[in-house]
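As written, the chain order gives the labels A, B, C, D, E and F, with residue 1 at the start of each chain.
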Amino acid sequence: MKIGILLKEGPYNHQASDTAFKFAEAAIKKGHTVDAVFLYNDGVTNVTKLMDPPQDDRNIAARWSELSQKHGVEILACIAASKRRGISDDVLVEGSAITGLGTLTDIAIRNDRLVTFGD
Amino acid sequence: MLHTINKSPFETTTFETCIRFLVPGDPVLFIEDGVYAVQSGNKFSPTIERVLKTNPVFALGPDLDARGIGDIADGVESVDYEGFVGLVEEHQVNSWF
Amino acid sequence: MHVLRHAPHGTIYTYEGLEMILIMAAYEQDLSVVFIGDGVYALKKGQDTSGISIKGFSRTFMALDGYDVEKLYVDRVSLEERGLTEEDLVVDVKVLDAEETGRLMQEQDVIIHH
Amino acid sequence: MLHTINKSPFETTTFETCIRFLVPGDPVLFIEDGVYAVQSGNKFSPTIERVLKTNPVFALGPDLDARGIGDIADGVESVDYEGFVGLVEEHQVNSWF
Amino acid sequence: MHVLRHAPHGTIYTYEGLEMILIMAAYEQDLSVVFIGDGVYALKKGQDTSGISIKGFSRTFMALDGYDVEKLYVDRVSLEERGLTEEDLVVDVKVLDAEETGRLMQEQDVIIHH
Amino acid sequence: MKIGILLKEGPYNHQASDTAFKFAEAAIKKGHTVDAVFLYNDGVTNVTKLMDPPQDDRNIAARWSELSQKHGVEILACIAASKRRGISDDVLVEGSAITGLGTLTDIAIRNDRLVTFGD
């Protein structure tokens, strides 16, 4: 099955990002394709490489980056939402990109499921 | 259609609102702070009991454990993330937050 | 289907939701928007945001008609609890009971809450 | 002590919770989405009426205007941002959100 | 006075609130912490966050004692509504009625909700 | 009167940042001193200079920067909260700085009021 994910909250402040990641991992483990994670609202702040959490905590941006590189999951931040929140190409982690909302429509159409995580 | 709810029923009206739109037979999955709804013996227990008469109810086990909720309402099934994926295999998703 | 559930201005969810709806409307044929809970406040007439320095957008809902988004549904209980009637809203909507909305939701492939 | 409330009473329990801890005489100021509480003729009107018997109640005018709320409960006073500052001059602040 | 009102893990407010309390405790003499609403869940025994990959912190509340933060208050109604008793909590607290907490709040110069 | 502000949410997503700004402006207009705005939780994302909202919208970071430079208001982001969210010295707008939580204690002590804005 092909699954798209829509993530609407930023890292650490809300569990949405953690649940979305755990869900994506489990879906891949069960043999599904996670096609893309689309970041909207504060969700765009998931992919700043300037993130530098305490050593004993998870690094959420690095985790998405790794998921993208290992399993070909596209990690896409909405451009309008990114501009409002200071996310630009200069700060993106590897494996992530900025794109328009039209891409989310494509993701919704080409996947069997679109699962939203928000707060 | 799978309904997920991630908000504590004590703090927001998300739970009550979702319940109003449930079609009998559709599964409900509590995740994140939503899992407090299925803790046995709290003020939402009667509502959970009522929902269980028409709809299967699940709660995400890792979220229950994280919150120290050992005792959940009879009839509610705990699932892990793979169980969550399993429900998504069978249903389109309606995420309430 | 898009579900608008937040009051306008206090958070950006409704405004960015509307931005998403407008883009998707350009792609999709069959788009519906449901207003539930405080989401109905987004349609209230007479909003003037100049005093809080936030861009108003209630009139943008009128533009949805031009984008072929003609299915605007409002939850009856949400409207009544807030002491509002259809007369208080900036656009024509269809008022639905929860059961009707529930069945409508069940027919959808994709539902996004804002 | 000035209590500010910025959440819609329809969506969260912040309003009810704050009200439980009010000491008579202390002013309450509704701001942001909190101002929906004082719209006249909604289901929270009886609660506002009860609070008004013991506490002065204010609402931030620019937030009322932004939401198209023309008609507010009798006895509730609309203030602008300078009025908000005026209340802070007189009281320490307890911000509920 | 710090007021903890959110459940742990679903949002970071309680955790970052606790970080703030620990730093402030090193500076201030007279610090109190009140648990209201879902805030009481932060103190619940038996939390195991390994399955959600988030750092647990309920045991850190035990450390408050060492920082001279000995005034931990819990709202009685919040506890009862959630079917909890003092036995369910990781630390000793003083359970207060809303009226007592209200009066305590009124004595404060600074109140920060988390 | 000397007033300190604690701001706990990021820009645009929540009105907290707007209300805090309007409140600060009004306090200054009434002759009070706004000593500092301390940013905590997602609030730290108020001061990234990479923010680039639509032309017809307010620029929240620029607005804080201007307030700081015109009226000497310190705009301070908590270091631990900033690191989690990818706010570093590289992206700070002029007039803002990153500091420890100890500073908030100082702000609370040296001001007549501490007013919190959150969500």
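Here is the rule we use: a residue touches a chain if its C-beta (ideal position, glycine included) is under 8 Å from a C-beta of that chain, and two chains touch if they have at least 3 such contacts.
It should be emphasised that the depicted structure is a prediction, and the values quoted were computed from it without experimental measurement.
Common partners of subunit A and subunit E, by the touch rule above, are B, F. Between subunit C and subunit F, the least number of touching-chain steps is 1.
Chain centres were defined as the mean of their Cα atoms; on that basis the chain farthest from subunit C turns out to be E. If you compare A-B with B-E, the chain pair joined by more contacting C-beta pairs is B-E. Averaging Cα coordinates per chain places subunit C and subunit E 38 Å apart. Note on chain placement: the centre of subunit D and the centre of subunit E lie 26 Å apart, centres being C-alpha means. Residues of subunit D in contact with at least two other chains: 6, 10-11, 13, 32-33, 62, 80, 92-93, 95, 97.
Touching two or more other chains at once are residues 9-12, 37, 52, 54, 109-111, 113 of subunit E. The multi-chain contact residues of subunit F, meaning those touching 2 or more other chains, are 12-13, 15, 19, 22, 41, 57, 80, 114, 116, 118-119. Interchain contacts give a graph that is no line, ring or star and is not complete, per the touch definition above.
By the contact rule set out at the top, the touching chain pairs are A-B, A-C, A-E, A-F, B-C, B-D, B-E, C-D, C-F, D-E, D-F, E-F.
Residue ranges of subunit F in contact with subunit E, taken from their complex: 6, 40-41, 80-81, 100-102, 104-105, 108, 114, 116, 118.
Remark: subunit C residues 5, 36-37, 77, 98, 101-103, 105-106, 108-111, 113 touch subunit B in the complex.
Taken in their complex, subunit E has these residues touching subunit B: 6-11, 37-38, 41, 44-52, 54, 56, 58, 81-83. Those residues of subunit C lying in contact with subunit F across their complex are 9-12, 52-55. Taken in their complex, subunit C has these residues touching subunit A: 12-13, 16, 19-20, 23-24, 26-28, 109-113.
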